[in-house]
Amino acid sequence: MRKCSLEKINLLFKEIAKNAELYLPQDQTDGSAAYKKWEEGSVWSNALNTVRSPKDFFFPQTEDLMAFKTEGKNIEVIDTRKALDDFVIFGVRACDVKSFDILDRVFLSEPVDSFYALRRSHGVIISLACSKPSETCFCKTFGINPAEPTGDISAWKTETDIFFESNTQKGKELLEKLSALTEECDDTAVVDQKAKIDAIMQKLPLKDLKTDAFGGGKTGELFNAPEWDELSEACLGCGTCTFVCPTCQCYDIKDFNTGNGVIRFRCWDSCMYSDFTKMAHGNNRLTQKERFRQRFMHKLVYYPENNDGLFSCVGCGRCLVKCPISMNIVKVMKKIGGKKGE
Amino acid sequence: MQVNEYKPLIVAFCCNWCSYAGADLAGNNRLAYPADVKIIRVPCSCRVNPMFILRAFQRGADGVIICGCHPGDCHYTSGNYFTRRRMAALFSMLDFLGIEKERTRVEWVSAAEGAKFAATMNDFVATVTALGENKRLEDLRCKK
Amino acid sequence: MHNNKYLQEEIIRISGVNPSKCMRCGKCSATCPAYDEMEYHPHQFVNMVECGDIEPLLNSKSLYKCLSCFACIDRCPRGVEPAKVVEAVRLTAIRKQGANHMTADDIPAIIEEDTPQQLLVSAFRKYTK
Amino acid sequence: MQKITREQLIQKASELLENGTVSAVLGWGIGEFDYDVTPTVFSTVEELRNGFVFNDFCGANFSKYLVKKTDKIEGKILVFLKPCDTYSFNQLLTEHRFDREKVYAVGIPCEGMADIAKVKAISGDGIAAIGSNGDKLTVTTLYADEPVVIAANDVLAERCINCKSKKHVAYDELMGEEGEVIESNRFDEVARLEAMTADERFAFWQNELSRCIRCNACRDACPACTCEKCVFDNPNSGVENKSPANEFEEKLFHIIRAYHVAGRCTDCGECSRVCPQNIPLHLLNRKFIKDMNDFYGEYQAGAEVGSRAPLVDYTTEDLEPGEVFDRRENNA
Amino acid sequence: MQRVGVFVCWCGSNIAGTVDVEAVSEALKSEPGVVFSTNYQYMCSQAGQDMIKQAVKEHNLTGIVVCSCSPRMHEATFRKTAAAAGLNPYMVEIANIREQCSWVHKDMLTGTEKAIILGKAAIAKVNLNAPLIPGESPVTKRALVIGGGIAGIQTALDIADAGFPVDIVEKKPTIGGKMAQLDKTFPTLDCAACILTPKMVDVAQNEKIRIFSYSEVTEVSGFVGNFEVTIKKNARYVKEDICTGCGACVEKCPMKRIPNEFNLGMDNRPAIYIPFAQAVPKVATIDPNACNMLKNGKCGVCSKVCAAGAIDYTQKDEYINEKYGAIVVATGFNPISMDKFDEFAYNQSKDVITSLEFERLTNAAGPSAGKLLRPSDGKHPHTIVFVQCVGSRCESCAEKGKEYCSKICCMYTAKHAMLTRDKYPDTEVYVFYIDVRTPGKNFDEFYRRAVEEYGVKYIKGMVGKVVPEGDKLKVQASDLIANKQLHIDADLVVLAAAIEPDKSARPLATMLTASMDTNDFFTEAHPKLRPVESPTAGVFLSGACQGPKDIPETVSQAGAAASKVIGLLAKDKLTGNPCVANSNELMCNGCSSCANVCPYGAITYEDKEFRMPDRTTKIRRVASVNPAVCQGCGACTVACPSGAMDLKGFANLQIMAEVDAICK
């Protein structure tokens, strides 16, 4: 384990930024935090987490896939892929780190999404333990320990120092490059912090939320549950939950006619939208209830069914904070899961 | 040394009854104005949807001008009165977003005002040329 | 007729008048209070400048007979502004001769008890560079 | 801090349910925490007792729900309307968006709603409980030893700070005392931006709109946006898109969104409330309102049913689009 | 996908002079949808049109783009060509590469480049065109003539002669207009009354013609073939159908000192009056501003002396609604005000008069019973100065005069001068002119007679000022040919005041949605080819409302307008413009924004049952457009928040496609 004094943190950032683009949470003018590229003078945010999840780094909201250039009646196909530099994402919380596993299973299984894979291979993740989780946090429900974030390098921040431990070869290499600014140390402070975090976890209001009612094979049982009507009643059909979610991975592929050709791009889509997966015959899910149900069934039943029981929610709590009508996965789990969810 | 002179792209929406006829009259009288101006015929200035204007800027226009009959002379009685309000609101909003207000204009040109049409276009092209390329409301995807 | 292009352009430039707008109605001359004193009348000024026939005007006393009352400017239906043409020819004459026709020293001799100051200003405008 | 209590509202709703005036109640449903309130339809007294809540976080404007709910429910639906909601209610009636006969509207007073983000900014994160006592909120958190006491006025939502009216413009029944239309300073921020240079304004909006994730929450929460098919979802509209692909798309969406509700927007503030990225969208709407007030005389959308919005009206003496700017420069 | 044919016209050298037509047709060949592209010398010629028809057949074209002159010129031509070739006529788009390209750009390179872009825009649009079928609407077989001067009278008589009913609306108590005030008419010198009054009587006696005198049009709605007009009949306080026009009331009325408008205020009339002896209708009218009975409730003399009992002090303004198939505007002219021409002392001396006042002075029915006497002292004037172009051709003084030539002044001044010299040979007559304009049959001969036979002194030059001094008018003028300044002691100065359209024309134009030029003359649909039609379908122009005119011209234009009206009324049905709005009911919210902006009331709402996306059915309020009433302005399309309302022929996507093509 290595540590660095917080006083030297900017030197550390500078050192990292020498070899790769460094992104870390920074405060925005509206008071929220967002991952932004580190530049001389950038200030690392104290916020618990960012509004947008770090999935953008690997699965950006819009991404050009290819382009067609038209001239008269001729069409030329253009590869829009650009060379990518190595980059480092700093300060990723345990929940968000876990979300990458969930995305990987979608994008890196056959057929591999080469755009995603390329970005993934260039990124180094430095995670950060949560010393002050929010009341909206429920990562523990999904077996995530905010005191033990994974990633290429795990980090813990105390009042005075920041501690690092590498978990992968990539992480090890990066940490070695930073050896001049860090020093070897024991894990006393980190163990101490882990204990504190564990204690707080016991106090979180959502600590008892259970997934027992969900998982693969539950489709028949849950699909026609009468509670879906009530739960989806107020849903506005916006995409807020989807777009702030670190694990939502649906996208639409669209063509943009530039006048001189076409750019084919993909962009995030939301299963809450009325035209989601609209096909020649029309829509699969015609009512907001069906769309609403899809989102939660996918996270809690369909995904685990196809992915060895892994739920595609990491309990980051973003949707709890951001939903305009405060309807969210926790309310769904409690209602649909009945007593088992308690 | 080759000087690459900046030529703006101007989209002019002209109502069929007055301004388009005014543009024709400018042609009849051989009153020159820059070829940068491209005219789109609409039945009435009130047919111009703000979306068309934004679309033009997106696609690379540097200025958009809407020409209609003089207030009170609308072939459809009241069309240009609505245009006047809609465009006042839209232009004010574009300005509010920091987009150069000189890039948009409404002019009333009657069928008898060929000279005014040409003069207006000359002036508008000069104004937009002085502003330079539209950078604040452009869509880079549409650039060549 | 002598056509002095250079002077013609000079006068048109100084006066800012477009003599080709004149439709030969003669209202300027009809209204001119100094008409009888003048060898060349306001409409002739405009016409002769339009033709480039400048020399006779430069040499004529008419230049200094114009009162600059601007009646012709007021009455001209075409906005030609003959008085400005006269003024421009006058300036051309003065500049050409390279001398002032009036200096500040002359004033005490000319001045009378009730002379309005504007007259002096006008006189300076007319008789000096 | 609210003058009317949960119990009073439950009593009123129960009464109306039981005497058959209404067959359902549109109200606020209890959440996981003390602040995450969800609009809920209650059909029995028992449901009301278990799930109805009324506190300082009941900001959601119910008017828009009436478009869909009045169709689904047999008989009348009871809706509780805060003063600002009544304007949206009227505006929707003006646009024939729901059947007035199917609604029993109860006007309730509002002392202004709290913004949970502002509460957290003072109390810190990890909220365990929020209590209300007079004009104070008592916030218990996981990290502070003592509850934090906050003046309710310090955490008022932006739209409530600039509340334009405490007067209900529509109701079948009014609970509590009727308030007045307020001389608010709601246009001050617009004026501040207007006073900036174009470059400054451009930078301001560039920064704000760059955060947009195009989740459509602003549109979907907006009581004026009740189109059967929104142009942004319609591939034939020419502006359809799903993502803020670049700066242009960000601006296009927000200009058109604001333009489409111009003259119809009652300034209820839902757009800014629901924006996950805290973009001050209400400023765009207010800009239109302010302009139209300045150009064409005072107009408050929803103040009365059937009024004609400035953009579908005209006078022969209206100012020219070019004069808009001269006018501002002269005023400045 | 369309199969588009592109036809580039050279228009001789009009286009080909500045646009490389070959390059244009070549460049457009590769545009999407284009399967054929060519160019030809005159596309509008028979050979050109045949070429289009041939190409439609050979290449199975579904759309046509003609790059040529303005669509305002030949769109209809090419639509007919397309129809003849079996295509829907609305599958034609015109790229205007003449008026808006070759004629305004001098450089071949830029001209060609722009022509290609305009062609691309037209192709982009035609690719989205759909066949349109025009609707039909009935024609109300009745015409309205607004204005009862010689223009209105002649138009009404001609229309009635063809068997159609006509209404004349005249704001004065009698028809007759300006011509009724004139004495003699040039160049034949026959008396105006002698030729006008029989026509007025014809109007009165024609069963097909109704006269609404002392009335005005207050509201016009509808469209060609189907106008709905509200006519306000001002209360004249005399029952028109009972009054015999005997004149007893006029004689007995005690309020006798009201300035007589008919004589331009040069004498007086009573409060109850008949403008002149041959008035039609010959009915008395009470001036409510002058009548003591109406003002104070005291008097009632006229009522007492009226044997027919026609006086009705309680009469109210009456509003009449009537439907018309066609409207003719014949609102005429007035001399401009002389108030601002201080130099001519019009307001300082009664003996400075306008030519129209001179007409009254010399008219036998005028204030001096036809004797030419000075208004100030009733003496015979011995020296008369006529000043031409007062306020006409006046460019620098827009607030005073008019930039245009008033056209009639040269001739009537020659008439006045001649008649004066004829009747009073002892009178010196001077005419100050800038130019004498006499293009017309027997006009110049007439003017020369004034000079040669009657000794009128024509002086090239203008009057600079007129100063009243004692009983004389000191006229200072220049004689440009003699190069002299003249000083004339005149007894009478007559100003040939410029003429301007009647003030009622501007609000009327707004009601009719007919366009006007900057001088408030009505604009004709085409300056050469459609001189009696306004651009607004069903509205026609007659007389001086369209531009200064003398009587023969007015009468011939009146006849022309009548023939156009007859042509319209003879049709049973009108084919409408198919470019109308239509509402997509699935997207319509029923919000009424569109109806709020529709100037024609073409949009109504109905409740319809719909199957909703969520499998339910719902009764929704949706807009529906009456295609016969819709005129296709498109105001509704922008007002509609959901984009449910679109305009055929100018659809959102079509215009955006044009924008895209231009901005490429």
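For reference, chains read A, B, C, D and E in written order, and residue numbers begin at 1 within each chain.
The rule is short, and it goes like this: a contact is a pair of C-beta atoms (placed from the backbone, for glycine too) under 8 Å apart; a residue touches a chain by one contact, two chains touch by 3 or more.
Just so we're clear, the structure is a prediction, and the values are computed from it rather than from any experiment.
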Chain connectivity with chain E absent, coordinates unchanged: A, B, D | C
{"item": "Selected pair, greater C-beta contact count between B-D and A-E", "value": "B-D"}
{"item": "Far-end chain from chain D, centres as C-alpha averages", "value": "C"}
{"item": "Distance-to-centre winner among chains (Cα means, whole assembly as reference)", "value": "B"}
{"item": "Most widely separated chain from chain A, with each centre as the mean of CA atoms", "value": "C"}
{"item": "Computed distance of Cα centres, chain C from chain A, in Å", "value": "86"}
{"item": "Interchain centroid distance [CA atoms averaged], chain A/chain B, Å", "value": "46"}
{"item": "Centroid spacing, where centroids are CA-atom means, of chain A and chain D in whole angstrom", "value": "30"}
{"item": "Centre-of-Cα separation between chain E and chain D, whole angstrom", "value": "53"}
{"item": "Residue list for chain D, restricted to those that touch at least two other chains", "value": "231, 237-238, 245, 311-313"}
{"item": "Chain A, residues touching no fewer than two other chains", "value": "256, 259-260, 274"}
{"item": "Complete list of chain pairs which touch one another", "value": "A-B, A-D, A-E, B-D, B-E, C-E, D-E"}
{"item": "Partner chain D, residues of chain E touching it in the complex", "value": "586-593, 596-597, 605, 616, 618, 620-621, 639, 641-644, 652-653, 656"}
{"item": "Of chain D, residues touching chain E in the complex", "value": "71, 94-97, 226-231, 234, 236-238, 260-261, 264, 308-309, 311-313"}
{"item": "In the complex with chain E, residue positions of chain A that touch it", "value": "70-73, 257, 259-260, 274, 283, 286-288"}
{"item": "Interfacial residue positions of chain B with respect to chain D in the complex", "value": "50-51, 54-55, 58, 71-72, 78, 81-82, 84-101, 104-106, 136-141"}
{"item": "Touching residues (chain side chain D, partner chain B) in the complex", "value": "190, 193-194, 198-206, 231, 237-239, 245-246, 248-249, 251-252, 255-256, 258-259, 262, 284, 287-288, 291-292, 295-296, 310-316, 318-325"}
